[in-house]
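Below are two complexes that have subunit A in common, paired first with subunit B and then with subunit C.
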Partner chain A sequence: MFVLVIHILNVLHCCVFVCLFLTVTAAEPWPENATLYQPLKEDQILLSDCASSLAVQAYLRMCGLPVQVVCRVNAEYMSPSGKIPFIHVGNQVVSELGPIVQFTKAKGHSLSEALDDVQRAEMKAYMELVNNMLLTAELYIQWCDDATATEISRPRYSSPYSWPLSSILAYQKQWEVRRKMNAIGWGGKTLEQVYEDVSQCCQALSQRLGTQPYFFNKHPTELDALVFGHLFTILTTRLTSAELAERIKSYSNLLSFCRRIEQTYFEDKRLIQSSCSL
Partner chain B sequence: MGTVHARSLDPLPMKGPELGVQADDIEPPEIEQEPKQEVLENKDVVVQRVHIDGLGRTKEDLLTYEIAGVFRAKNLIDVMRKSHEARQKLLRLGIFRKVNVVIDTSRGEDALPNGLDVTFEVTELRRMTGSYNTMVGNNEGSMVLGLKLPNVFGRAEKLTFQFSYGTKETSYGLSFFKPQPGNFERNFSVNVYKVTGQFPWSSLRETDRGVSAEFSFPVWRTSQTLKWEGVWRELSCLARTASFAVRQESGHSLKSSLSHAMVIDTRNSSILPRQGGLLKIHQELAGYSGGDASFLKEDFEIQLNKTLFWDSVLSASLWGGLLLPIGDKPTSIADRFYLGGPTSIRGFSMYSLGPQSEGDYLGGEAYWAGGLHLYTPLPFRPGRGGFGDLFRTHFFLNAGNLCNLNYGEGPQAHLKKLAECIRWSYGLGIVLRLGNIARLELNYCIPMGVQSGDRICDGVQFGAGIRFL
Partner chain C sequence: MAAPDELFCWEGDWGLPSVNTDCLVVLAYAQFAGAPLKLHKISNPWRSPSGSLPALRTNQKETISRPSDIIIHLRKQKYNADYDLSAKEGADSLAFISLMEEKLMPALIYAFWVEPKNYVEVTRRWYAEHMPFPLNFFLPGRMQSRQLEKLRLLRGDESLEAGDELEKELYREAVECMNLLSQRLGSHKFFFGDSPSSLDAYVFGHLAPILKSKLPNGKLQQHLKSLDNLNNFCTNILLLYFPRDGRETTNQKPSTQSEGADFDNVPNKRKKQFLSALVALGAMLSYALLTGMVSIQHVHQEALEEPPDLQDLESHHHEDEGDD
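Up next is the complex of A and B:
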């Protein structure tokens, strides 16, 4: 209950800031030197952060807004919400896909303008599904699966720091994620159940996509960016087990969807592939 | 170390002078004017016995060092002087509430005709003492709980715990202090702490969790301190509106540093001295013993005081410091120096001069500051000999500069940079001495040499602190 209240407060908080952006930044055009911050590509970034960062990058590319990606050891702590990624545009700092979508909208760039109210509600529902299922599953596998946490997550997360700070921060993060998992009822799940949830989520997405190029036919929306960010990252990231990627590979239309977005929006493929090898 | 860098997160004085037992405050033992005194004055005496009454937990071997001098006295005046010295030494240990000295002629079978017995009647402090304070400041109220075990193992070891619960921040510290028996100045202490500080001038919040061990010892007339400190520092922005330069510094870092401090203090009082000087040199080397922060930091403080006509005192001080990053990593905002405010360059707002970004002060890697004060008693000297003596009027002239150095330009370019755009101020005000630890100032300041970006406090400025330029 407490968590929920905080969540609502956070949402309200974001809304207030979004309103502020609407009034303050509407007139200013998108600057040339916009920057996106994320943790170090090679040694530090984890699956979930990489997915969220790629989703935002895909969204900005779909909008045609140039952004320079900068890797910082302390990106997580620089972010106003403590979440990866965040963008620095002019003198504004905005983190996470939702607020960034609102922010670009205030600047006159939107991908979901053409949708009607029903479609927009549907899009939001699917985005919630991706965040609640895929993102949570990524966090679960990273921090609650002991093998992954020991072999990949903790060493990578703590790589920029010296001992004993490295251990303190990694265990602190793990504890925090596990507490969150318990709060949302994922604490008791087994790995198999999590894979099953991912399969169900992918099935729902696959059905919604059908044979269309994008979720809402001809034009991409923020939902496409979000789905691409997560699926592409899972597919291209090596974990202790390939099970997660295997679950996605059984949906061929999702695979071609990922390939399509990659080819259309990330011509410089080398960049994206190297960015997400975990 | 209350150095100019704002980051001295010491709201809890863990150690430092024992307030109750300042050497200045201890009145000499009252010597009763007996008619016999003149007769005994030049007569040789022998101190036969020294008693210490009232000991409970305290181990006797600790005290034998402190009172050994009394046995060496050769005449009555000497006995009284030595006893007084011994009494002061005992009080300085911080384990007795009260020490009385009784000097009497020896009694008993083996008593010599010129034999004396000296008795120290001591009252030990309680096993545990507690304190409770409330503090208001910096837009925050806090409650400070303190626990002290003044004589844990019977040899003047001291264990102190302080816990501060504030409306915004919580801090605590645990400290263990052990002096060498018979040589109180040689002591060893270990501290564990967590301190959180908010620095609105930098839109920065800093949480330090650390362990430190230090060893102090006197060499000739100096007091030397060697210290190792390991701190986990967490920096974050105070507000969403913090400048990006400060945001970039957010996150965790580990500092492990070795430092050395040397102090020569010949002043008669640390607040409002009338004569004497102070020289403090502090150097810190971080990074060689582990951690993420690597730098060499040097800073010094000089103060000279001279009494002039009509009880007025001329005081000159000079501070300076240099922070050299080691390796390619730039220095952290938490390590840099800050300058300005009623405790350093008056007429400027607290730590609000020098390099800044969007109104957040980022500190500098080099600084110097000088001050010239003329202290005089209050005009017409109201309350003379009593309350009025706590006050002084002063005229001051402060100057200084704070900047970053781009290493590689050479020392001459650095000196030139520090000599450019000097900030200075002058004015007059009233100083109030609070005990022997702090002072309050109310000044009228005229800031000069203001650079764009500096925040000034033109006119009346109020200051409180323990260290002043």
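Up next is the complex of A and C:
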């Protein structure tokens, strides 16, 4: 009971924290002390959250905006949308890549300015492809594959909490994700079908990338950040089965694309290699 | 050749071959690919082999429900509308289909099932009027709660309710999605070249209901009407591939569709007649039993058996009294 109360207080505290900073102000320059919040790297964060967080970090680095990564046990409850990651800039809190891109654009930083209308339409479409297929597949494997859920997802997700809260929160999360899968028609899929979807998605991305350095030729866009976040995380994360990473490894241009972004934007910090090993 | 696959779809209205997005996608793809399907346009999801619509019953008696799976099945049967697409165009199709599922679908659910005025005046009324008798009382409501649940899970917000803020956000995303589609289509007749592909089927399925339905809160429709190329795109597909439904549905649908409709209507009528007869008979019987038959029988039996007992008792009493 005591643990539950602490947890509720925690959530309440963070809601207040977020509400205080949600007041929208006019465009100000990017401050030095911008922070990005995510769950604990070593023993809490899950594949899908790690991928989303890495995508935002890649995006901010491509924009040349400094951000300090802070790990918090209750990052999920601090986020205004309940999703990982979120950034705290000046007196504003923004979560998820889409809104963060909008936010930086309002501050005068944009990667997709040079694209024409058709290209921008295609970029947005491919970003939704990644969200719709890769992210959903990651969630499916994390929570709907029993082996992964038992061995990795539930223990890691609930690691900061003591029993019984840990079990309650983990099963609650699993239950929620499974209901979502049923609602979008993924409930009846087998693991093999999900891998097949991942392959199909990678095939599409690989085709689109072709031999270019980035999806829209010379300069990276938010699409590159998103794709990098997901592919790199899948490639560097150890799961119960290596099948997911194997599916990506058959597309050599995607592999060199990941390596290129890692070298260009993450060279200074080696910590990324070890950051997201489950 | 083996018997054709059978496709079960929601009925059409508002000048559309079907009122449901998923059904429209499958119908349009089948038309584009020239797949010979035996069509059942029904308004009772319980008559579908999978319990939901659309559903495809293959000639091996398998049942497929998801539109994407149905399209894959048709493709395997060599009815492929995407045959001429390059690998990159195939990738683009996949991307834009995802875009619609993520950005347009939530707004569609909101507009048809969650927005209170639209739901009460159009959606619920349509389904209630078209469904057979006992189902029309509870199925529309159940469909609504399922759609609301889906929207809640998609948005990751358990307590999501209809409201201005939600509407604004969903419609903003939908409007952006429509603009992107419009930009991608440009002045072409179809998305890739001169013949329609699966992406065209998906776009048509998502946009045609917005364009043709007469919702009281028609903000999406207003915006769509301002995008001329998407507007023409939908009208064109209706004219070219669904000429019968394109004309307003005052005249009866002829040929293949009417076969299906007749086939479905007659048993429906019979079922209705049978049901009402059954209800009437039940009412009559219960009335008769409650008021007359039971008590009469009981009284009758008691009347036959009890009086002697009573007499006996009385006589015994008399005897007892006499003894005393």
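The rule is simple: the second predicted complex is superposed on the first by the 249 of 278 C-alpha atoms of A that agree within 3 Å, B and C clash if a C-alpha of one lies under 4 Å from a C-alpha of the other, contacts with A are read in each partner's own complex, and residues count from 1 in each chain.
By definition in this document, a residue touches a chain if its C-beta (ideal position, glycine included) is under 8 Å from a C-beta of that chain, and two chains touch if they have at least 3 such contacts.
From a predicted model like this one, the values you see are computed outputs, not experimental measurements.
By the touch criterion stated above, A:Tyr77 is placed in contact with subunit B alone, subunit C being left untouched. Contacts of A:Ser110 after superposition on the shared chain: neither subunit B nor subunit C is touched.
In the superposed model, A:Ser159 lies in contact with neither subunit B nor subunit C.
Touch criterion met: A:His88 reaches subunit B, while subunit C stays clear of it. With both structures placed on the common chain, the touch criterion links A:Met133 to subunit C but leaves subunit B unconnected.
When subunit B and subunit C are set side by side, the one touching more residues of subunit A is C. In the superposition on chain A, contact is made by A:Arg179 with subunit C only, not with subunit B. For the contact definition in use here, the subunit B contact set and the subunit C contact set of subunit A share no residue. Those residues of subunit B that touch subunit A in the shared complex are 232, 235-237, 240, 244, 247-248, 250-254, 290-292, 358. Remark: subunit C residues 66, 87-88, 90-92, 94-96, 98-99, 101-103, 149-150, 153-154, 156, 176, 180-181, 183-184, 186 touch subunit A in the complex.
The part of subunit A that touches subunit C in the complex is made up of residues 81-83, 117-118, 120-122, 124-126, 128-129, 131-133, 176, 179-180, 183-185, 200-201, 203-205, 207-208, 210. Per the touch definition, subunit A reaches subunit B in the complex via residues 17, 72-74, 76-78, 80, 88, 91, 93, 161-165, 168-169.
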